[in-house]
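Let me begin by handing over the structure; questions about it come next.
Read from first to last, the chains carry the letters A, B, C and D; within each, the first residue is number 1.
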Amino acid sequence: MAIVLGPNRYGKAETRLVRVVRDGGVHHVKDVNVSTSLSGAMSEAHLTGDNAAVLPTDTQKNTAYALAREHGVGQIEDFALLLARHFTGHDTIHHARVAVEEYGWNRIGDTGHSFARDGGEVRTCVAHHDRDGRASVVSGLTGLVVMNTTGSEFHGFLTDPYTTLEPATDRILATAVDARWRHAGTSADFAASFALVRGCLLEAFAGTHSLSLQQTLYAMGERVLAACPDICEIRLTLPNRHHFPVDLAPFGLDNENEIFYAADRPYGLIEGTVLRDDAPGAGFAWE
Amino acid sequence: MAIVLGPNRYGKAETRLVRVVRDGGVHHVKDVNVSTSLSGAMSEAHLTGDNAAVLPTDTQKNTAYALAREHGVGQIEDFALLLARHFTGHDTIHHARVAVEEYGWNRIGDTGHSFARDGGEVRTCVAHHDRDGRASVVSGLTGLVVMNTTGSEFHGFLTDPYTTLEPATDRILATAVDARWRHAGTSADFAASFALVRGCLLEAFAGTHSLSLQQTLYAMGERVLAACPDICEIRLTLPNRHHFPVDLAPFGLDNENEIFYAADRPYGLIEGTVLRDDAPGAGFAWE
Amino acid sequence: MAIVLGPNRYGKAETRLVRVVRDGGVHHVKDVNVSTSLSGAMSEAHLTGDNAAVLPTDTQKNTAYALAREHGVGQIEDFALLLARHFTGHDTIHHARVAVEEYGWNRIGDTGHSFARDGGEVRTCVAHHDRDGRASVVSGLTGLVVMNTTGSEFHGFLTDPYTTLEPATDRILATAVDARWRHAGTSADFAASFALVRGCLLEAFAGTHSLSLQQTLYAMGERVLAACPDICEIRLTLPNRHHFPVDLAPFGLDNENEIFYAADRPYGLIEGTVLRDDAPGAGFAWE
Amino acid sequence: MAIVLGPNRYGKAETRLVRVVRDGGVHHVKDVNVSTSLSGAMSEAHLTGDNAAVLPTDTQKNTAYALAREHGVGQIEDFALLLARHFTGHDTIHHARVAVEEYGWNRIGDTGHSFARDGGEVRTCVAHHDRDGRASVVSGLTGLVVMNTTGSEFHGFLTDPYTTLEPATDRILATAVDARWRHAGTSADFAASFALVRGCLLEAFAGTHSLSLQQTLYAMGERVLAACPDICEIRLTLPNRHHFPVDLAPFGLDNENEIFYAADRPYGLIEGTVLRDDAPGAGFAWE
């Protein structure tokens, strides 16, 4: 028996990068958060502190800024792939993982250079590239908070001695969508794809008469896959943001699904994958 | 010399209340966070633990829910005033402060009952009411993040031996607007007033060629007061969310205000009040 | 009627500063967060963008670092006073407010240079100094979370039609202490004073059989003032972190104050001041 | 090609449970946060909204409270296993994952029932149990923030055209330890094991003269495995909390590693696994 080094990676997390492109007086903003992780010939660094194979995380940060200047920042998936491919050009770096978050800005006024941040929703991606040229792209979004004030039921569930929940035939269904979808390739039109997926998620959430959040989850995933041939798998994490009707009977008041208490914790948490039955293997895509 | 009880108040903070109004198949959502604080004949409670004068914070929570059912929740200022007035109907409660935050929702799809949360911005208010009928209303917003990618300079400042900052003739100006404005009375059209103030803040931020964030702050406040006769004072807290151009010269690259590092801490913090010189006394409005 | 500039201040918030002092192989760490705010001849900056009177917030940050090197960082109150006094040496700066937070570290191992962060509690202070030599110091702590699992009651309270709370004769009392205390002067032994106050707060919280959180609050404040002649006023903010016994009767189980649900929101919020009846005026101390 | 349901699970997250045990006047507190996730015969729930196989998350919450009352809450690993085993007793539940966080409390005063929260560190575990009786336990801790003020170097690293970092022969090394370790079995003395691991992590962090954070990470993992025969694998996530010496030369001051700026973002992030070469397969332990 011996103690050995297992899987490992190192990188610079959360390099905040804003790029401004000037089209005459009309400016365009790209606001991203870049996290890079490299792995490769790292045994000596761990075992003896010999850093000859280690590309400093400070250099990784510099590289994000420099490549943004040299190549621009288009779709975050393309920028993540560019960075990942770049890093694997080093002999000692066998694999690179690059995650990018993007924050949206909307124009305000007519100055051409004034913007307001677009809420709490964040666009995400994770790209991998290894020295053998294998690559993967997962796109996503997080923080998209949605609610149906009717059209949601929950009954007919399994009961046991610890069950006190009453069946519901009309309840609020609210969640904060965290979705990540895997592309079959690495060269999609990621802007179009993102817009399409986001639209499908909203449509399916709104349009599904829900008998459970699981059913809504599946409908959302199915809608995305049906509409986007390039996407082979989608993973959804949906917290059930409970809204409980307040019991107003002690005050002589009825409450026909009008007044709700929005609870924090605990919360339901529904996680699920929807995929094509002929989806290619995911490899390292989800790591 | 004696040790005595000074100013005090007690209440229920952050009662999360969602109200759904059904107009046939078209639903309307009001999503608020209510915090009530009462003060009055509280000496015995503090000194001897005699709670005869204390309205439990649990009752305050119940009251928020019940009054929402009985009277609806219109503009948050009106609901805050309603609650504050209600509480001062108790003999032992001499003063009530009610703060309400409101979270916005936008419709999605065409179901009439489906919504998505509107970002990070929050509408706020604080209303006071005392047993002598005095009342005040402060409205506000927080979390409105804005940016000008040009049109901002900073130079000609005071220097001393600890100054290393270079003058800037073209910089990014970004901030998260936290604004609160005091109404002269308590019966404004708060919906119209809020929309007008928000518009003024955005217009003045975007439209001001800024020589300092202080100048922008004043311009924002002045614009609001000029447009809103009902408002007599506005207080703005503007963090300077620094965006520093990255030095790419070591990599043989120029950087003409294209690639920025968005910093977290430290940050500038500019706070200021703009008011009418004939504004009535604020009394307890800002407490 | 005219629109005018009211009270204002500007500064650098959250300058993170760590100082290491080497006593041979034994190191000492001071980990602080410094926020400076200046006010004075700021009309032109706001009205015309003329910054001649403005000491850049970047310079304020530099000053915090330089003065830490020149004078060390002893008790945070002394360092805050040093900085505030320094800034008011500028003609255009009439008043300075300096807030400092301190994070504790405990030694680990016997290396003399190894430390672990001491939890969630933070020591705080706010010092003011103006150009006329007036000064004030408020010390404090925040994030001290405490709980009594018995010795707390709450009954005999005011009831109205919205009251459903049952009287409690034995409940958990838990809170996160946020305390700030005003010193009569500016030259106390702040280390000794802090230790004494913290001890009093804990003793009074633990030792008070509580009939309400208000009573506990007063007991905590009174204990501090009785023990610390230098302190003339203390302000306490005590959220009531509710722990509700879970109803296990549906499962055929009793629950004699054994199993609790620790709730997040809403929460009670008790705020109060305890002071000496001959306390000197607070002036700007609490601003 | 068809669209199909992939891996999925559902549960109740963050059930906050506090248990008080009374040993005469001496009370003992257990403060935990329980998250349960179940999977099994969930196709119908996703595809048709038939919930016959679904144990409501509300029931899962009730079960956590009820089993705490029936069996007590000892070591969190044992409680997690108890819950996981319980849930798999249902025919439709094939697998259960239970995560528990524990928050520490220290006694204050001599009342026997008074406590103060122990800082930011959290003890964690994740237990799995399936209907075939397979089980796994991963223990952990998070939020343990440590710092060496010397004894850390970083040089001899790979350089490329984007490298500007200067080699360091004496720097601060600070991190927030996030460690999770896998037990070979499910019946360890988890209290003793936790104390031993925590001690090893601190000793190895303090006692390692570090040439890179990777080297420190490996030393920490190796120390744990060498000391704990029951543990077969440990995973460490170590953010590099950069402390940069401030350049005081512009002010005519030297800075011999005395005054540091503690940075927020970006930060290095070092992740690694240390394991025995004969460790049994992890199965679902890390899921």
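Rule of thumb we're sticking to: contacts are C-beta pairs under 8 Å (C-beta built on N, C-alpha and C of every residue); 3 or more make two chains touch, one makes a residue touch a chain.
In this text the structure is predicted, and so the values were computed from the model without any measurement.
Farthest chain from chain B, judged by C-alpha centroids: D.
Chain pair with the larger contact count among A-C and C-D is C-D, by C-beta pairs in contact. The centroid of the Cα atoms in chain C and the matching centroid in chain D are 30 Å apart. Chain B and chain C have Cα centroids lying 23 Å from one another.
Averaging C-alpha coordinates per chain places the centre of chain A 38 Å away from that of chain C. Contact with two or more other chains is made by residues 16, 62, 66, 162, 164, 250-251, 264-265 of chain A.
Viewed as a network of touching protein chains, the structure reduces to a complete graph with every chain in contact with every other. Put simply, chain D touches chain C in their complex at residues 16-22, 27, 29, 31, 62, 65-66, 68-70, 105, 108-109, 111, 113-121, 144-151, 172, 202-203, 205-207, 243, 246, 248, 250-251, 253, 255, 257-264.
Residue ranges of chain D in contact with chain A, taken from their complex: 1-16, 35, 37, 42, 45-59, 61-63, 66, 90, 92, 154-160, 162-165, 210-215, 217-218, 221-222, 225-226, 233, 239-240, 265-278. By the touch rule above, chain C contacts chain A in their complex via residues 161-162, 164, 250-251, 264-265.
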